[in-house]
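Multiple structures are listed underneath, in structure tokens.
Shared between the two complexes below is subunit A, which has subunit B as its partner in the first and subunit C in the second.
Entry: the complex of A and B
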């Protein structure tokens, strides 16, 4: 690991904006904010993955991955961050280094790759992502980017977050560092208003930003930059002129929010777009911060009027589902989505939360969950797949809401499952999104497919049909795989990487 | 439960329906060394022939009695006589199967009488089996013609047999089963140690194989000997409600009991078939099918995400309509519009509010706002105009290869349907992606905000 990177890591690990981090001793802090990975029992993405996730939603930029084919070849175009314009971000660019590059170094290839991309696609900027192999052989992407940027007169941004630096979450932050070091503050907006805000840590997955933006429009608030959902390079470059910021996903981009506050005096708050109450709180907080920063206070009244109208409309649309969903038991296993905000919203519909994961939640989050769900709240810190399967199989829950990785635990238990993670196809943000979430839960729970797949095979119902031990003469025993008794054990091993 | 309505338009636009004689001729294709004949004008045969050629991409033997104005008025005996003599002479088939058409039915030709007369006048023709079925174009539809042809075969060829063959079963497949379906059924039935006799058997004639010789007649299909053997079977299995009259006739003539499966697409439907075969044979269900059952469960789970809540507009003949609608409904789809060709007791049981006996114009109209159009290839223009995907089901399927190999029965066939339909929805996902305009605020909200005073500056960027 280069000295530069290791310095950067120490910087990122020391996060005054993070309560958890501040509770640690100096020694603990040096170890980093993520649990050490245990070989053979780890799950989730690497730091490169994290950096790419954080920055790729900048839609007009060419994202060039410097490394062997695995890093980009195995992962490109796998998320649903949407664009309202350019599709450059969905084009997979990689240097696809070969054996000779490993021996002689891949810097020249990288330089040529940047040139080719600029010649062919002419994006406003090229982001170059470091990976394990190229970091290991000592390719200096900062130097190459600097040279290329000067030569081609175009921002070429090094993103130094090789996979082996750590986990995905760390990569999110290192991606943010690249923006802080090379992008933010390098341009000026045409004009500014007292209502300019940044939204940080929102990726516009399935278009969620667009579920929220009409609300901000109605308030008269301008999103100067969203980092990074549906963002343009220029917006990020002049985002330092915003009056206030909302940080959506605290885990990912707290460093951007805090450093922008330090450097450019942009106050931020942490909020969520998930759940009706949280959406309203976030809108209120945006208005409050803007007024605090000098905006005319008429925005407060507008915001309250908007909240009143939209909350009423959302509840009216949810009302028909209440009777159908009352008493349904949900197991909520989430990562990025704030558990408590969804919990509160679901409870208001009459859904019972039989358990919620707190693996990625802060102490404060856990307190909130206790507040909402009561002291007996079933908080699941790290539920092994086998336990989840058992819980579903024994029908202690009616549906599981989780990320894509654990979907097959539910499906193999023949239990309804709804995707609420990054790979999902539905947008669940804002008032619109909550109505959609309730609709989707209803649709999934009442899908007739469950009746079908749970039907026992007639030959498994004792006494109805000839048993498998009786065979016709001169017919060899049918070859096949015994399905009975295979269930859990086989499943457990095939799912061991989930989590 | 559905209400069944009939569209009373003066003009059918973009017909969904095909005629009875074509259904009968299609059944004739499943008989070995047979020469199918339409008793009508040349066009009747030619249109039907072209349609079947386009669907199967195979040579289709189909003859005509080539009626003209004069012979129609005077009666078609001469043409029937000449047709039988010519075909026997040139093609030397085992069987000449004749169906009537609108033209000759309107005139009222007594073809049964004609054929008796032909055999009296030409005793040498008794070496060729002659089967006739009355199928006026202006009554019923394709699947009715098919069923009538099968009944005609049963009536003229099957007799009771004293000594039963304990492992032999009759299978009467409806016309919505493809050659691949019949082949799959054979494999399933045989896995229980049973010998199936199919009437008709398209899997040996229209399965698109290469043959070493040329024959002007059908090649493959059920042989006369097999059909005559059907009286010795211990059970009959009919597939599709359209086959009920055939199964009843067979039972009446031979005393063989039958069980009718209204569909073989779907998990439960196939559970019942396997359970029944196991009960008949006393043999257990092979591991192969158990494995496929579990694969189907998995396929249904994988696909349900994309099927859930999708609105389907489906146009098909009653048995196919029933099979696909029931399966798609089980997958969480909403059968928003259903159009069919002819009456069937299944229609009232359909998982939708209303079933219309109508045409593709009706289907297109009611398909507004649907996510998928399910019908035969003639639905392609409607699908284009509606900007929705088109799942091709039924006959004709002239704009895709492999119509005869489309498998839609058994666990495996069901799995194929589930994946194919799921893939269409998957392919459409990007059409449903959000845009900045997808979630506008309603006027009331905007008004409420404006009423709160202090109008905000509007921004354009």
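Entry: the complex of A and C
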């Protein structure tokens, strides 16, 4: 690991904005805040992936992955982060290095790749991602980016977050560091207003930002930059001129929020777009911060009026579902901010939360959960698939809300399941999103297939037909834990903390 | 001209070239003197209205775009399902050419069938001579083991008596006296192709079981453990019969298919022309009388046949094209009940996989609205499967479905919360469907190739699961019956869903913000 990179890691691990981090001794802090990986156990994504997903939603930038094919091949455009304009971010750019590059170094190829991108696509900037192999052979992407940027007179941003640096969440932060080091503060907006804000840690998955933006428009608030959902390079570059910031996903980009506060005096708060109450709180907080920063205080009344109207509308639309959903038990397996923001949202419609995972949640996240669910909140730190399966199988829950990777555990346990992570097909943010989420939960719960799934084949009901069904030769009877022998974490339940 | 030898434009592009566009415009302006464009537009818009729908549904004489075919088509289907049997349609030859092309376009295989080629004098004096010459020629030219006779309307209108004609033809030496010539009267002005299927199949069974038109002793039934299977008129027969055979074999059930055209319409290209291939043999038909029971997979396709079999002392189980999970469950449980054999684990495994696949994709089809039309039993099966998926079969229409059928569909609606807003339309045609698709739009249409005009007019994506399918190849080779078949249907429904979603998000820079890799 290069000296530069380990220095960066120390910096990232020392996060004053994180209570948990500050509660540690110096020695502990040095170890880093990410849990050590245990070899042999299946794990989630790597630091490269984390950096890539954190930055890829910047839509007009060419994201060039310097490494062998697998890194880009597997991460190419797989997160439903939507764009309202340029689609450059959806094109897969990679240096696709080969054996000779490993021997002789891949810097020249990288330089040429940057040149070709600029020649053919002319994006406002090129982001270059370091990967394990190119880091191991010692390719200095910072130097190449510097040289290329100078030569082509175009920002070429190194994102130094090779996979071996750590887990995905660390990569989210390293991606943020790249923005802090090379992008933020490098341009000036045409004009500013007292109502300019940044939204940090929102990725516009399935277009969620668009469910919120009309509300901000109605308040008269301008989103100067969203980092990084549906963002343009220029917006990120001049985002330091915002008056206030909202941080949406705490674990992923707390470093950006805190450092922007330090460097540019932009106060931030942590809020959520999920759930009616949380959405309203977030709007209030935005208004409050802006007034605190000198905006005329008329915005407070405007915001309250908007909240009243929107809440009434949303409740009216949710009302018909309340009777159908009341008392339904939900198991939430997700990470970070969603662990509490979705809890509050679901409680609002009378759904009972039997448990929520806190594997990727911060201390603050956990505090919020306790606030919302009470001290006895059933927090599941790291639920192995076997436990999850058992819980679902025993029908202690009616539905599981999780990311795509836990889907199959739910299905095999005959449990309705709804995707609330990055691969989901619906946007759940804002008032509109909450109505949508309730609709989707209702649809999923009442899908007729669950009845089918839970019933045995009709001929298995004793006495109906000649019994003793014939077993297939060489095929043991399927019983108990269906994933036996594949290791505890074979189906990893961990989910993106950036999502 | 835009067409030149260096670069030959195909039809879909040629007439869009400026020269042609201009020519058509001139022709329209100077020679056609047609209704003004605005007026045409206005009327088109009117045809989409509720007002027009009322008038459309008040039609009592005219049928527009019928979703059915005529009886002899079903009779030809049946004849094709028996070993070395040639279908002989007594009547005008044009009709027969239709049946052959109809089947060949669907199955992409030659369909052998001859006609007695009646002409004007035959219409006046009766078609006896045509029968005499026709049977003689058929027998000597094509050497079938059996000739299955049916009729076109022409012969029916003048009242030709097949029984007497065939007897006379035999006396005149057209074919040997003991030669098998089963027959069925199949007038097109009664019923539809499924009625023809029924009549033709009954004709063959009666011929062999009931003394070959008084030329042999009637057979005595000596019951055994075997099961007969009658599939009914089925556009997916090439895929379905092997699937059913596999199920029978897996369960270890001795079985006979009464009418199996799955080989005849699925011959290999290996240098040998097979005029006849596969099919139910005469001996199998004779033995079928002794079976323990007969499964009729499509009730409305074999009502009279079912009665004939029941009258001979067999148990007859009539189903309504069961498909999907519950449908296939029902079919297997009937088999198990009749035979006393358990349902093997292998099939239960397939069932589990199907349920798994449905659960994997449940979010996508849930609440989607479908309009469907076709033969009555297929409609029942599809309705059942769609409801099982949480989809809503909003309009279920059948030109050849009667009120009895409609009541059965309604019963399916009533049994499911997803059937609440669904409606069944017996004895209606595709022009009725057109109105429905405008006034109460749905997400998808399930039908045959002729549904593509509805797709064009109404923008409702079409899923081809109904005979005939002329404009897509080889669908008929895949089963839609059994758990495996349900999987195929599920994939077809999902494919169209995803295709529609992709098509709706495919414009670069405009809608492609949702054009996603992962669906």
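In the analysis below, the second predicted complex is superposed on the first by the 453 of 499 C-alpha atoms of A that agree within 3 Å, B and C clash if a C-alpha of one lies under 4 Å from a C-alpha of the other, contacts with A are read in each partner's own complex, and residues count from 1 in each chain.
Keep this in mind: a contact is a pair of C-beta atoms (placed from the backbone, for glycine too) under 8 Å apart; a residue touches a chain by one contact, two chains touch by 3 or more.
Please read these numbers as outputs of a predicted model, since none were measured by experiment.
Looking at the shared chain after the overlay, A:140 reaches neither subunit B nor subunit C.
When both complexes are overlaid on chain A, the residue A:78 reaches subunit C alone and has no touch with subunit B. When the two structures are aligned on the shared chain, A:193 is found in touch with subunit B, with no touch to subunit C. In the superposed model, A:296 makes contact with subunit B only, not with subunit C.
Once the two complexes are overlaid on the shared chain, A:207 sits against subunit B and subunit C alike. Once the two complexes are overlaid on the shared chain, A:87 sits against subunit C while remaining clear of subunit B.
When the shared chain is aligned, subunit B and subunit C each come close enough to touch A:453. When the two structures are aligned on the shared chain, A:219 is found in touch with subunit B, with no touch to subunit C.
Applying the stated contact rule after C-alpha superposition, one finds that A:443 touches each of subunit B and subunit C.
Set against each other, subunit B and subunit C touch different numbers of residues in subunit A, with B touching more. Residues 80, 82, 84, 207, 411, 419, 425, 443-444, 447-449, 452-453, 457-459, 464-472, 475 of subunit A contact both subunit B in one complex and subunit C in the other.
For subunit C in complex with subunit A, the touching residues are 325-326, 329, 332-333, 336-337, 340-346, 348-349, 351, 355-356, 358-360, 362-363, 366-367, 387-390, 416-418, 508-509, 512-514, 516-519.
Listed in rising order, the residues of subunit B touching subunit A in the complex are 191-193, 266-268, 271-272, 274-275, 278-279, 281-288, 290-291, 293-294, 297-298, 300-302, 304-305, 307-309, 329-332, 429, 432-442, 444-446, 448-449, 451-459, 461. Those residues of subunit A that touch subunit C in the shared complex are 76-78, 80, 82-85, 87, 207, 407, 411-412, 418-419, 423, 425, 440, 443-444, 446-450, 452-453, 457-460, 464-472, 475.
Residues 80, 82, 84, 193, 195, 206-208, 210-211, 213-215, 217-222, 230, 296, 298-299, 301-302, 304-306, 308-310, 313, 411, 414, 419, 425, 427, 430, 432, 443-444, 447-449, 451-453, 455, 457-459, 464-472, 475, 478-483 of subunit A are the ones touching subunit B in the complex.
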